[in-house]
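In what follows, subunit A forms one complex with subunit B and a second complex with subunit C.
This part shows the complex of A and B:
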């Protein structure tokens, strides 16, 4: 062999084994992640969390990017800060002083350091008061690191109350008014409350380009009166960040990580089970068809032909529009619809050749039964040939499940990658610029597909010498 | 020749059906047409004929790998012509098959041990230990020793000769009464052919095995066949004791074969052979009368091409089917 060809072949081999190695490493990582998920985060809990609704996730920011986004964008976006009178903290001080009779004075100071270069996404205060008949009355004060002190609002508290500073209309008016007076403007401008509360009060506050975040220690002070002896107030302050965890949150404040994590074992088991089961069933059907021939063969071939004419995906779409399947029922439906797939035809051609092999004839001559010949003599020889195809088709089934979920036809409960994409698209994530929301599940889908493709192609090279020549 | 009858085949026919084209009609390849033969217990019979004469088809039909179209196969006193299921399975246990291509005859994904255990498992012979013992014994019988060196190997790790020994071991592992060996050495290296034939001879003698040895090569018959049948175009044309047929061939076709016989003496190997002129006939539309007549120098017009010759006995054991001999003896 000329030296040039030898080098070329060596390079080819290395390329193949390298890519297979890459595929295997990738797949091992994915499998490891899936196993970690299964062991660390029970499925029932994941589903419960995923379906829990916004109340559960009230302390999370909406549309938060994953924290590692700073690796690419730089900067120091805020994380969520939560302070509460129910937790032990040096930064939370609550004093209750009796005044006269049943009445007492209450003061709660909540201090926190804010050292980020962006504004919080929201600020909410949640109150939990105990009283019989007389509601406590409080005032909310905001003290900036530079000493500026604003009384934001006075509230007569219900038992459960909240103050959504970012969207409160009175507060908006108040802040506009303050800016107008302090800067001597003709009319009160619209200032985002977070921007006002986290910037020094100057001309710059009007210009989103110039305004800077004021770093330092902030204090939320709540002062007021309790009118009953056993009355009390608990306060929770949530300064919502702009990044959250390693996967971010969606429009419902839900950590996307739930579905990213559980999407992995679901995608793997769905894809692998579908690919392996369908591959094996098709092979067995093909072997029976080829070996028995005659009417059995005719029947199987006709069923396969009819099945091949039927449009698989539209039928699946139709069925899943009418019935909301759990993912495992979907798996069964997919298997049922693919059982008599194209594989039956191509495997049958292989079996027809094999049927004439002398060792099959030998097996007949020493009395092997039909079933023994099919399972002990025909299938073991063909099995290695179909493994690459099986591995390759895993990716198809992973995508199939995702596609159904993206179209909103998947398992309504299962937290899957496709479901995340479906939620994102319904919320207009791409339109609004929340790319991370779609890119995270999509890139996992693609990585999974690539890992199986790399392995499958290499196996094909190894098992199918005809391809190797090409 | 007066041992106990093991096999009696009469009027056996087996036609291969082929279809031509999409709507084309059926054609019959008359590969075995009205064949009679007998075999005694422990006897070795050679069937010799050129390529395409139907030897393999005959062997496989006797083994019931093909369904006979007509005729009778009596094996060990039982009519096995059309038996099915349990009876057929029992027949398969009592027969063995050695094919031409040893590598093809062994499933490549099974070890030698698995290969040899298969017939035992199928016929539920012995316990696991007894089966293993039988495997050892069979491998020793075919001289694949030390057995440990071979038992766990896969077919591709063995040489052609060793593979054929495994095939032979498999064919005798169920203690059959009849083994059909279809050109067992024609695909082997010339250097191992004699060894394999000698091996088969010794096994045949030791177990009083009935063997039908199929070959296109007359020169190999001397090793262990006591009788020869000559096959031409789906029919047997001459039969008798090996020495008789070789030294006193009667049928013109047999004579051609004898002349074409390569001398076992290596020095004379390149002596010009006398090949019959013309081609073997089509088995779809074989010649009427004697199928050899288009190539026959002794052909009697109006007789050979019209009427099929019947048996003519040269002596008690030696017969021929030829009009010329019948008319001129």
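This part shows the complex of A and C:
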């Protein structure tokens, strides 16, 4: 049967099997996502963003869940609110009034609506002040929708300063003291600053089960004095939410979406290249071994046996610990280590049967060269039998890369799915309950593997007629 | 005297297997030492140790700088000579090979056993039972489930149960350790009914029975993660294998003769398929001995796999070489024993046809 018809028939049969159809649709979606990533988000930028460090992502919440999580959990978790004096907004008012000499009074009001049913994960204020010698002095006030007004702290500002309300010890003591006095308690309780700042002050505030979030308009008021003529203060308030983007963030506030996106083209190209190259090389080696026989065969078989004794994964581990190379060099090493793999043995058995076929004998008798017989008569006949195995092994190589990353030995730069899992496991995500962090890359790995498996198993049925009968 | 053909065959096999073993071990030595680079690390460590110990020794406090340097160099050189490091790596690599092949595994560079020993043999023997307990058990389970499940399905060919198991085969495209992550999330992190990992509760229970139960409890998740991954594919492969053999001509003849199904199954299907099954079984057992690096890492199962990982990551070449040598020997011996078994069961080899 001519090759063209055979391919046509094969395609027809593939669509006949529903599981393969599902696999193909899934794979097309994944490929589409990979292409979108490659075109919309340059690799260099992704790597730079991924390795940028915490400073770049300071405005992002830590451990934020993806936004679509509300589809399953319901509720209305807070998103991040950012207000800054450098941005144009009706909610930010900054007034500077000269008082006497070089001194002036400054007042900054930042108003925002808070209509969520959970507390923010953190509250930070960042200051950026200009002055020559005399530092400005300010006070931070918090005004709740019900009118309660708390002076949180007074600060002598450095040029770059920050006030991490959630972890500030003075603030913690102050809030405990206030609650103790207002509720007439014997000792000051420990109250999470976010809970205090975003709840009405009543008995309920002591009980995490009863306390409710106070919705409405909040104001952060900063008042103070500037002691120099050209002195100024810029303020940025970040009320960190608990959800972020479509993939959430990790312990370093990085959007996980970077690695989820770029993990796709990397996994696909790594898996497919490794599977196809190794499959083809093993097949060619097996064909040569079977066709030439004798010493060539002996040599190839001995090399294969030596290779089978060597433990593949530990050797790969050693080499990648030693060189810490990029994922593409890793790919080359994987190919080099698997060239003489177990496939050579099983393909050789197929070629040995084929060698005795009359059409090969006919080719020999009219004087076809060895190379012609191997590449034009033997390999095309065996290729269909090998393709299913190749497709199935794509998943193995995708997981191989993930396994190396999970052990902390992958490409140090590339943002991959395995990397995300490694970060999550190292940070104890499974103990702390940050399941989304593991499940997002994990489910993509599963989908990729399943799509290739569905296609591969169907191809096996189609190309192995003996199997099809069964 | 005439040498029987099978003796010639076995002798030839023994030589080939032996040579393969030697070459594989030598390549491992080269890789584990990174072509001699590990020596450089050891040498610089040694030099640092000697120079600090001499410089801190009060007895040499008043020596002038040049003499002190001379003393350090001399001590370093003598120490190198004592360790045999004055000779080039290629020369020493053969010495390593000789020692490895005579199973003189020597001492590790960094890794110690729980008892503090540096003997590679002690380190490996300490980890081995743990790995055998987990992975050999799992592989034996998988093997027998595959064998009997496959036999069962080949009888039920085309029925619902057959199609169901076959449709589960793609589960194997995801490796066992990966299911482990999901199982930990469900049973350890969310439901809190099984441990995250480890081998035994801390502190370990005193009574032997409770100890065994605790170990068993820790085995549930790793074993199930492998069972989920590889049960369906195991049954599927065996089923197909049996189906292929049950369509052979001699089976048809036996059926035509009206022999009972059980007899056909035993004599005409199981018997000729026994040698490859036996090969599979023994090779799986040997391979399970090496453990599984990622599964052991995920479940913090302190077995051979984790040892291999530690040794590879820290370039503890004696441990790496020791593990590979033991594995290679076991494999070589198994393969040779299988050859002997084939001579016994296969008349073609016995009579020298092959």
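Just so it is clear, the second predicted complex is superposed on the first by the 454 of 470 C-alpha atoms of A that agree within 3 Å, B and C clash if a C-alpha of one lies under 4 Å from a C-alpha of the other, contacts with A are read in each partner's own complex, and residues count from 1 in each chain.
What we mean here is this: a contact is a pair of C-beta atoms (placed from the backbone, for glycine too) under 8 Å apart; a residue touches a chain by one contact, two chains touch by 3 or more.
On a predicted model such as this, the values are computed, not experimentally measured, just so you know.
Of the two partners, subunit B and subunit C, it is C that touches more residues of subunit A.
In the superposition on chain A, no contact is made by A:243 with either subunit B or subunit C.
With both structures placed on the common chain, the touch criterion links A:459 to neither subunit B nor subunit C. Of the two partner chains placed by the overlay, only subunit C lies in contact with A:318; subunit B stays clear of it.
Judged by the touch definition given at the top, the superposed model places A:433 against subunit C, while subunit B stays out of reach. Contact with subunit B, but none with subunit C, is seen for A:377 once the two complexes are overlaid on the shared chain. Shared-chain residue A:399: touches subunit C; no touch with subunit B. In the superposed pair of complexes, A:363 makes contact with subunit B only, with no contact to subunit C.
The residues of subunit A shared by its contacts with subunit B and with subunit C come to none at all.
Listed in rising order, the residues of subunit B touching subunit A in the complex are 60, 63, 65, 88-89, 92-93, 95-97, 99-101, 104-109, 118-119, 122-123, 167, 170-171, 174.
Subunit A makes touch with subunit B in their complex at residues 357-359, 361-369, 372, 376-377, 380-381.
Interface residues of subunit A, counted against subunit C in their complex, comprise 19, 302, 305-306, 309-311, 313-315, 317-319, 321-322, 392, 395-396, 399, 402-403, 406-407, 409, 421, 425, 430-431, 433, 435, 438-439, 442, 445-446, 449-450, 452-454, 456-457, 466-467, 470. For subunit C in complex with subunit A, the touching residues are 16, 19-21, 23-24, 27-28, 31-32, 34, 37, 157, 167, 169-170, 172-175, 177-178, 181-182, 184-185, 188-190, 196, 240, 243-244, 290, 293-294, 297-298, 308-309, 312-313, 315, 320, 323-324, 327-328, 331-332.
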